[in-house]
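Each of the next two complexes has chain A plus one other chain: chain B in the first, chain C in the second.
Moving on to the complex of A and B:
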């Protein structure tokens, strides 16, 4: 009897590290032609949607652009700003102090539905109703020059938000609450010390509180200092069924100042309409009522009227201009994303359908690692595809908009990088969420429909007007995976500028990274549930 | 491929036993077969139940979420459309209906059952027609419950949210022409969504991909029309989009400002459904199962 040696394969045992697992999953992905084609289609869709945006500004005559959207001035920090107000000022060389008492701030605004076109010869103010805008501003200012976009610091009273210290368009610090009136006036003081400007407020002119102290970079030795008034355009935002801002129009505010005290000598105060010289018919041109004016009513007392705003330019504000790339990016991302979600879910459900999962798990019995390898492969594929597609889509979208005569507000390079990388990360995390739901349901139809519904329906209910009230929409965009789209937000929302800050207009209630974290939390929870079920269940 | 289901004896005259179902397979038999397939799958009931529950729940939630400042609840101020708000759930319910329709034929491709089906009934268009008929029946039955429940929920909830007769709104009632149009139209809408999904799946032949195509078709149009600032293009897209146009049937307020009349809108969806079914029929006939 000869003992027969049992058969041993000549092939040595292979390594079964995580790298081999990832390689196996990558091979599974790239060898399915339909998936590779779909991923490429997703990239093309992401870029292609840009070309649908034929938004026009101005008119095109014989293919040549005539006119275009007005360009906003650029503030000291590089952002687009609104800078229209009436300034009663004189030069300030070196250090100095301005003190003033504000005894009233009154205003005029158009009725809902706008002013009916008034017959010629009638004042553009006819038909306006008395009332002051909550963010109408009057106070004192030290500004680098009277040019639009120049650096400044100011102490001001508002129509409905108390005393504020505002500086360089985006800065806003709250001071004393309440409105200024003859019975309860507000004292304001600005002190310049080199490049530093400090703002104080007081109820009695004797006890002063420091509101804030700011550094103004690029403040020249001789700056302009004095009194100012501004009143932003009126708008009605229908909050009961989100979206849709109503008609509005320019408003006018008039403030009464007395006890005007300037610590430096030299010359009388001169009036300048900063950013003035608008449309004469609309009353914003020279001499028009919305151009602003002043009147001296005593030795150190003035009334100053003005219209406009000194604030960051917000594209969704009634007088905002420029276009917002987030909106285009949202739409193009959704097109690419739906295709990626289908791939993400099918990457696992196809294995269940074909029975390949049994082979996969026999070859690599540690199931958690299989899931991790799959998640890594699908995340990497969608991230890279999304990165390339968005890096092309964003500049192309901007070029298409510019081609239509639109002016595009400048975006800091870091924000643009965050939008591009964030979109790719959004696609990757959402695809992992689809994969996890695929493991949980094990069926293609259930996984694909659940994922798409989870991501798209809350967004739909938010952007379709007339269905849900704004408050509920806000919460949908906070708690559902669509919160992740906040990473594409281009401009911050400013509480000191009224605007329709809605997701449909490219503004999200959560901060970019916080919103993205919500999406990540969904993916993490789904992945944990998937890992648990994959271990517990028979394949 | 043999055209008819005629069973001929191999040897003339040598009948060895009763030939079951000898003769043409009638449309009635095919309908019966499809009905059996649909009703013996547990997922059918779960999906129909989910469609009903989700539609009513979301509609009731949307109605309960409505709010207006006291004194600002007049129809001219809110622009609210009670019928449309109550029927918000259709946005979600349609996804479940689409999934049911996709599975009706997609599952046959997944399991290989389609080969048995087509061997038994070689007239492929008959199979598709029977599937469409059976599916429509099931979806209409569920939709009547879902839409009826949503209207009832809206009728009960909305007056408490400021949309009552006190503020000048009519109580939701199927006796009102526009409300009836919104409700009956929503039922037809859901049935058309099922047919659209059936047609797409017959063409795509993979359930997962098909539901992706259907939901993309439904949901992507409104997303793009909402964000592009080009109003002319947006209006054209709204007239073309299966979901946006189809859901105009739910409007009872501000119909003049819609890009299409409610029935025209539903017609657009019907055209999509017919187109998808035609495409599915061509693919089903031309390609190997």
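Moving on to the complex of A and C:
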């Protein structure tokens, strides 16, 4: 046989770095029309589901809102607040100190049923049982004005959480533990110095401990200072599959103050029902005796009764107002996510089904990089789609809610940004998790089923109220990939406001980034397993 | 060294089944090497091991002296057609080649070149799902040529092709070999490889049975055999068997005789008054050569078949 010179190619050798791999995977994705269409459908679902929201507040007659939805007042930091209480106060110009001793805090609450619409003559307090709310509050306060939402600082005793210093609605610092009683009273003191207010507590009136010192920016020279009492509404919720029933209503607390000392001269203390007015529908208190009252029982002794709460406005608390955007976002994310999970899985299982995996791995024998390139392309596609879709869906969802008469509490811009970018990231990481499962199972049906069971089913079980007992629900949302939805949480859960902080209402047990990290951990482990199997198995 | 495949001592089991049992051979540049054996002999498995898709339990497979995994931009070293049906049906042929090109840092211009080379220009933008078998094979060849490699590995490329397609493929492969490339073509049908292959590696049950040039194989198989055409087969067989020959019936009116020279054959027939029309020195087809290699020696079958 004649010797022939070995072949020399005229075409350049090319390059097969990671950038080339990513380019190839992107070309693979964009040249299958079915996959591109599915991603667009995911975006449409994310936005479209918003329009299915029919929650109404109040009634619309002839296009005019009648019997509106209450709007919460806005606090000094721009957040929605609840501000209802009875204030026995007088003006304080400049610096001053207010001291008081609290010897009891008692209350009345409705064990079942709401405020009875009473036949004339019967007091709405009939039917209430004795019992003080754990977060009923009574004490001393320096407040910018008696307008709802005005800045304040207070030292108070609570029904079940000891002495506390609370300020500007979200601020809460613990002081002496235990309840105030005649045998074990609590002494409280507030000292105003310019814009700084310091709170002190004591067991004997002689030795004082500093509890906290806060800056109330914009506190006017003449503020209001005095005694106050408030008591948040009581609710018992029975949650069952398909619905729940809540029973409860406003409560009343009465505190006994003595040794009242105000360090500045001036007129007498006057009583004001802050947020009072008796219009339950307008959120200004239950009216009647719930507006509060006081009685002077000695030279420097008073009993003050009041109802309501001074706290951040929590939508799932009995005194809360407003709609929670997390609920809207959850629904729209869910349907868009399902479509993206299917794509994530199919992006790899289609190759196994058609035998294309051999072509891919022969062209790119460094298999770990192939997986990384696929993951990168899927993550980028779902992230960008999710970002655009959610950036549209969130305002659209808000508009639909408002169209139904609902009021939406203000959300800080950074929080909204976190909700949008976080949702896009959640979709991207979940899609990568689906891709990894696809590598592990190699079959489309098995991969999609496994992904749905792992991500979608826990979501439904946790979001629909009443399906799971609270303990199981809590565990599920902390451990499973559904924990990632925490990144969508709009408002924090406040410990000083009792409410139904359930995932179905937009509250998750883990902090937003912590929940997202759980989802990322799932994806990381699945990818590691996928890389191992991809390398070890015959193609 | 660049355009060579060297397979040494490959062993591989799938569960209890032994697919490769000490497979050893080489593929050299400038010729077409046929890789033949019955179904299940280990041809496809060997090719997958060469391409790093399956891992062998023992042994090595080197391309240009390197294992496949260590090749950079491997499609410029080896082009392979393993499974022509490995296509996403909703993707066009051109896009299939495009992603493959992108993975090697090649561009659309190169894609269009190989499309032209494989004769697919008119159908390149059609969805691959609608391709006929022959078009799929051409697409597979285009993909193998994308990196313009000096080595080509093809697993049963003639499968399902019509005679025209086979003729085209044959000419194409010979042309590639003439350029100095090393071509490995597997098949389980000898007739396809006849006139295509220069060299044959015959495998059975996971190991190499023969590794020789086609000419040598046919010559060895032909031996000193005689082909006899007669209408009185039974009588001829008896007469020749009595003369000490080994006879086999290979066609309705044809007998293949060994162990007897042509003169003595004629003498034995005439003395037994057996009519015959043709006595020729027999040239085995590749098919027969292969059958002889992979089965026991031809036996005397003294039965009449009508």
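Keep this in mind: the second predicted complex is superposed on the first by the 506 of 539 C-alpha atoms of A that agree within 3 Å, B and C clash if a C-alpha of one lies under 4 Å from a C-alpha of the other, contacts with A are read in each partner's own complex, and residues count from 1 in each chain.
We take it that a residue touches a chain if its C-beta (ideal position, glycine included) is under 8 Å from a C-beta of that chain, and two chains touch if they have at least 3 such contacts.
Note that the structure is predicted; figures quoted are calculated from it, not measured.
In the superposition on chain A, contact is made by A:445 with chain B only, not with chain C.
In the overlay built on the shared chain, the residue A:32 is in contact with chain C alone; chain B does not reach it. Contact with chain B, but none with chain C, is seen for A:345 once the two complexes are overlaid on the shared chain. Contacts of A:129 after superposition on the shared chain: neither chain B nor chain C is touched.
In the superposition on chain A, contact is made by A:9 with chain C only, not with chain B. Contact with chain B, but none with chain C, is seen for A:328 once the two complexes are overlaid on the shared chain. After overlaying the two complexes on the shared chain, residue contacts for A:359 are found with chain C alone; chain B is out of touch.
By the touch criterion stated above, A:495 is placed in contact with neither chain B nor chain C. In the superposition on chain A, contact is made by A:460 with chain B only, not with chain C. Comparing the two interfaces of chain A, the one with chain B and the one with chain C have residues 34, 350 in common.
Taken in their complex, chain A has these residues touching chain B: 34, 49, 52-56, 238, 240-241, 323, 327-328, 330-331, 334-335, 338-339, 341-342, 345-346, 349-350, 353, 444-449, 452-453, 456-457, 459-461, 463-464, 466-469, 471-472, 504, 506. Taken in their complex, chain A has these residues touching chain C: 1, 3-11, 13-17, 20-21, 23-25, 27-28, 31-34, 350, 354-356, 358-366, 538-539.
Chain B meets chain A in the complex at residues 62, 65-69, 72, 77-81, 84-85, 88, 91-92, 95-96, 98-99, 102-103, 106, 110, 206-212, 215-216, 219-220, 222-224, 226-230, 233. Listed in rising order, the residues of chain C touching chain A in the complex are 2-3, 29-31, 48, 51-55, 68-69, 71-76, 80, 82-83, 85-92, 95, 98-100, 102-106, 110, 143, 147-150, 178-182, 198, 213.
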